[in-house]
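Chain naming follows the written order as A, B, C and D, and within any one chain the residues start at number 1.
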Amino acid sequence: MLTEKLGVAFIGMGGAVATTAIAGIEMLKSGSNGLDGLPLAECKADGIVDYRDMVFSGWDLCGDDLGSAALRHGVIGEAELSNGASALRTMRPRPAVGSVDFCANIDGAHKVAALSHRNAIETICSDLAGIRKTQSVNRLVMINLASTERLPDLASSSFASLPQFERGLDADDPEISPAMLYAYAAILSGVPYANFTPSVAADILPLATMAQERNVPIAGKDGKTGQTLLKTVIAPALKARALHVDGWFSTNILGNSDGKALHDPKSLASKIGTKTKVLDEMLGYPVEDHIVHIHYYRPRGDDKEAWDNIDISGFLGQRMQLKLNFLCKDSILAAPLVIEIARVLDLALQRGEGGIQDQLGVYFKAPQTGSNRKPVHAFGEQQMILDTWLRNAN
Amino acid sequence: MLTEKLGVAFIGMGGAVATTAIAGIEMLKSGSNGLDGLPLAECKADGIVDYRDMVFSGWDLCGDDLGSAALRHGVIGEAELSNGASALRTMRPRPAVGSVDFCANIDGAHKVAALSHRNAIETICSDLAGIRKTQSVNRLVMINLASTERLPDLASSSFASLPQFERGLDADDPEISPAMLYAYAAILSGVPYANFTPSVAADILPLATMAQERNVPIAGKDGKTGQTLLKTVIAPALKARALHVDGWFSTNILGNSDGKALHDPKSLASKIGTKTKVLDEMLGYPVEDHIVHIHYYRPRGDDKEAWDNIDISGFLGQRMQLKLNFLCKDSILAAPLVIEIARVLDLALQRGEGGIQDQLGVYFKAPQTGSNRKPVHAFGEQQMILDTWLRNAN
Amino acid sequence: MLTEKLGVAFIGMGGAVATTAIAGIEMLKSGSNGLDGLPLAECKADGIVDYRDMVFSGWDLCGDDLGSAALRHGVIGEAELSNGASALRTMRPRPAVGSVDFCANIDGAHKVAALSHRNAIETICSDLAGIRKTQSVNRLVMINLASTERLPDLASSSFASLPQFERGLDADDPEISPAMLYAYAAILSGVPYANFTPSVAADILPLATMAQERNVPIAGKDGKTGQTLLKTVIAPALKARALHVDGWFSTNILGNSDGKALHDPKSLASKIGTKTKVLDEMLGYPVEDHIVHIHYYRPRGDDKEAWDNIDISGFLGQRMQLKLNFLCKDSILAAPLVIEIARVLDLALQRGEGGIQDQLGVYFKAPQTGSNRKPVHAFGEQQMILDTWLRNAN
Amino acid sequence: MLTEKLGVAFIGMGGAVATTAIAGIEMLKSGSNGLDGLPLAECKADGIVDYRDMVFSGWDLCGDDLGSAALRHGVIGEAELSNGASALRTMRPRPAVGSVDFCANIDGAHKVAALSHRNAIETICSDLAGIRKTQSVNRLVMINLASTERLPDLASSSFASLPQFERGLDADDPEISPAMLYAYAAILSGVPYANFTPSVAADILPLATMAQERNVPIAGKDGKTGQTLLKTVIAPALKARALHVDGWFSTNILGNSDGKALHDPKSLASKIGTKTKVLDEMLGYPVEDHIVHIHYYRPRGDDKEAWDNIDISGFLGQRMQLKLNFLCKDSILAAPLVIEIARVLDLALQRGEGGIQDQLGVYFKAPQTGSNRKPVHAFGEQQMILDTWLRNAN
């Protein structure tokens, strides 16, 4: 199996996560950065693309070159742009399909003027074909890094089956979101797709069915980076020690555009939703007071701070408290996951394994699984599943 | 296989951990407490003793009845003693073998006046025989919960082989500690032995050899309750995410007699030793600044507070901090582990599996393994090893 | 000046703060508790009432005896009730004037069936007269400890002047709250009044005017106990050191009935309002991101936890963070303040000083001052003002 | 009174605090930085030197230019050196008087080869005269910023009186430290002197007497920047609220050369000494468990982290905890204090006020006062004393 170049197309190419990921790989290519922070750096799976063979493209509602965009996010600076990541200055995203209805706090001028859902899909498919040609790549992966959308009305009939979704597209159902249009276009084009955001996309039944039928790898959703990562690390240990969780209070402050998008209560609802279910599923009982808050707090920029308080009771019913305070960098935690997700999706395609890729669950807050499979949330178990999958060529 | 009563003999029977464990089981017997906080409450392994079939005995340098001792520790109170744990008021430890040389800050009047090492061993063996008779139990387990001793001089020739240890006993080698005398007596009497303290005991080569030869189950050492538990939960996740640990600063405050014993620098050295190696072994590289401190701080009594700061660097070398603050109760975390260790050791004896019990590593900071086996420290992996062992009757 | 008994009438007599205050003083009278935690225990001001000369009465929407009420709050337990605070078992509050419109999450059956505002006031005045008689006290003080009400519509014409307020009473203006009715009744009866809650009460112009005209001491509002106390302690120091506050994020978790009342967004708005203004006024510039949250979190009961993160920048614009984590007990912090407020109000009455008592500002989050005086918020300065007032008899 | 240039001579001119202070003032002169973080920026006292009129000189055991030194400390970077602070590249310290006996972990090649105490003093005096001439300044101030020395044997007869100190100098008493030689030379030369370190210097009786007799302003000691600052801010509030401090546990991690110096147990003893007395003096009772630790932890460099846990008990003896976590920058907090101390000492000289300058106590952990005056530690009170002194020209 010959390893060639892999094209990675980001929805939200100018965002903090995408620009950080691209900068890191470009610095790696130029030799000014090593393999630090890349979880699968030591993976030897046959066919997995070399980091240096990844090339990038994508869409964004803001048309700025990636160098300018990156400086605005403040994760990488002039030093990196001068030292290995200069390629970003010449990269520009394509205009994106967006919707103020679905994401109220984030809009931009660099938008596709789509006349209809079908028209938007055509544009995306044509973009994918163009990317293949321009970048001379056979293999492509699409990853959604766009701002979180509001929850759609999941009771809409469009989401009941693939034929009904097709009819919804024809009828321009307003509950069909930009995130879904991108996912549809990817699957239609045979391009593996991952959803790193909490938005509803390929996790609706019609798109999961379509990916299965066309044997296109998909994965999601909502990258597991900071607070939820810690939750899935710590909760299984509490369970193993029979320490009962009486309450888990989680609050977050962040000041990047992700925080700004989440300042819109509708986008926030999507995010909180994926964060809360996890805990009960891991522990095996409902935690009476599991509270999760995210606050837009500008002094921090992309630096995120999570504070957790866990009330536990143990032997003889006696109570204890565990507090976590994580001063993290959102994009620094997310970017390497995005890179590894792209590599694993591409490897799945090469292995001929389409549909939902359960083995990627370790990288997601709300792991998407097939209809009959319960998601695994415990971090250690998830990691073992991925490691096993990587070792075993089928 | 018939489940009958199991006698559990504690070295340090009047201490906070032992009295808490005994109180919990007595309350369970009386119906005033449930199975909360017992990690293996749902284990269905054939032959594992029922909690209600455990009976207790042991030794202590303080001769008080366990009710008075428990009240002094402040973990259980009058309410528990009136409500199910009243049996403690009538329990008294036997006089203990102790040594001010090995444990400077803890001494007591309730001491065996042993003329020699051999004489001390005879006393312990005779105690064990007496316990079997008095409590009408066939099966016994001994667990060391005594105050931490200073490190012996491990270069002493007594520790080179079992024959040399025997000669050391004959010659009253001052480097042979009380903890070793107890372990020797247990193995000699065919009684499974576990060391829940950081003291050097059955982990010396002569005693491990003796346990192997006589097929007596042993396990150790140093119960993994609070801060180190969290370390072995979190470090594997940091490794899986390629987050490099630049430094890990751990400090503890506690005010119970464990804290007082550790106020003696020599006892502290034993404790710190078992705490530090763990991290490097899990991560696979030496952490340049791994600092561990324990401070005796009276306002807290048995309530212990651990504070950890972890400096990590990730993608693009960028740095983050994770802070943990654990307000825990030492004895509440430790007591159920002690109970489960006793049950598993007894099960191993029933299964005919002697020598070092690697599967108990999940309960220890410094898991004892056979000479050719590297210890596993990652919590998730340890738990899986125990679960597998429990499921598989041999 | 003869020191005699002082009657203290609490609105919310069965609440956690009132029952804790009463229990503490009753235990003091019985000799089973000392002067711990009472800020003015060493004050020698001429005429200040002795703690042992305080007697209690009041109103509550719940008619339970104070012993039962106290046990429910979980601040004092059976031990205290048997040991000095047994008087609580025989104390019962009078039925209270309440309004579901003003306080949605708290209601009770023990309610005055008032036909009109005027009728409610008559009932309260008659209660005050009854209390004087029953308790044989000449001097009374009324303190509002009731659950936080929603903000009234302050644009209502009733709040423009005392005559208009009188007309509003006549017309049963629905914007006139129970808290205002109690304050009106107190002032009318010549009884000093303090508002320990964030509800709008004697801080409206008509009632402040009335207190001034009738020379009745009043003070308010919103007791300064935990997080805001720390704010007013720390912010002045940051200012003195020229450390600029870029952001201050404050979050609170608590599970008592105060937390439950604040779970109603309208009551919460009142509370948050008094918490936020303070900071800007102390620093002398608006803090761009000052965020305050209060969350109802049941595992904690009356134990409250406040977490603050302060982003500051200093010399050369470099940035630092200060984090505070206060594990406090709401009622234990509040009860002694309530007692001291009563004593100081009574002393003001004796000194013939009516109207707003600025010197009590140290005990309030939103110190009430006369129309031409700016409130002082810095804790050190506030304390000095009170100390000076206490020393100087006029 | 004419404001002219003021020369500031730093012992430890190449250290992190000195280079940060100098860089800040040079950037101010060049217009690339403002008055941020300077506590007395708004002080209008007649005669106080303008920041732009300060010029710098000094001594260091390392002879590097200040630009190189500053880059090594990592507080200011290339950006500052290119942008306003370029003057540092051409500044070099004079060789310093040092002693490996007094400061074991810090040594350097740039050392005065003094044959005797008297010879060292002559060199320092001659340096001071040279500085006046080279920098064309009439007024000079000397500030000790050198690494912390071990405690001298304070029972040495040299410290009993000024004449005995003179004899000690003649006899090269080994208990007379470099810090004392510098202080002696400053006072002899009529140069105001402050000790920003915990080393013993002008606080010995002979030097305080000498400063008084010669009417030279002196102040000290040990700059109050992070953890102790917070202590003196918070403890007075706890006292005012009658919250009893049962224990105060303070730990610090830092990785700069100050941390390295303190890694020597003898230097650490000096530091801890000045940190602990403060608390008891403020509270008025001895805190049973007041524990202070400083740990050298390299990942942090100049960034310092302080963690405090305060156990308090309040009304009814109930217990609470307050935790502080200060992520600060040592030199960023210290540099502006050093600048203000220099300005105030110079102003005192102009006002003709010699001897110990109590009004500077707000900037020191262990405020030096005259023999009959008790030091004030409460931050608010200290600040008021300084403000009053600045306002009142004598």
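Definition applied: a residue touches a chain if its C-beta (ideal position, glycine included) is under 8 Å from a C-beta of that chain, and two chains touch if they have at least 3 such contacts.
Keep in mind that what you see is a predicted model, and the values were worked out from it rather than measured.
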Item to complete: With one step meaning two chains touch, work out the least steps from chain A to chain D.
Response: 2
Discussion item. Can you compute the centre-to-centre distance for chain B and chain C, using the mean CA position of each chain? Integer Å is fine.
Written reply: 51
Worksheet entry | Between chain A and chain B, centroid-to-centroid distance (C-alpha), Å | 44
Fill in: Centre-of-Cα separation between chain C and chain A, whole angstrom
49
Worksheet entry | chain C: positions in contact with at least two other chains | 323, 325
Worksheet entry | Chain-to-chain touches, reported pairwise for every pair that qualifies | A-B, A-C, B-D, C-D
Worksheet entry | Footprint of chain A on chain B - complex, ascending | 20, 23-24, 27, 33, 36-39, 41, 75-76, 80, 229-230, 233-234, 236-237, 240-244, 313-318, 320-329, 332-333, 335-336, 362, 378-381, 383
Worksheet item: Contact residues on chain A for chain C in the complex?
Response: 246-247, 249, 251, 253, 288-289, 291, 293, 295, 297-300, 305, 307, 309, 311, 319, 323, 325
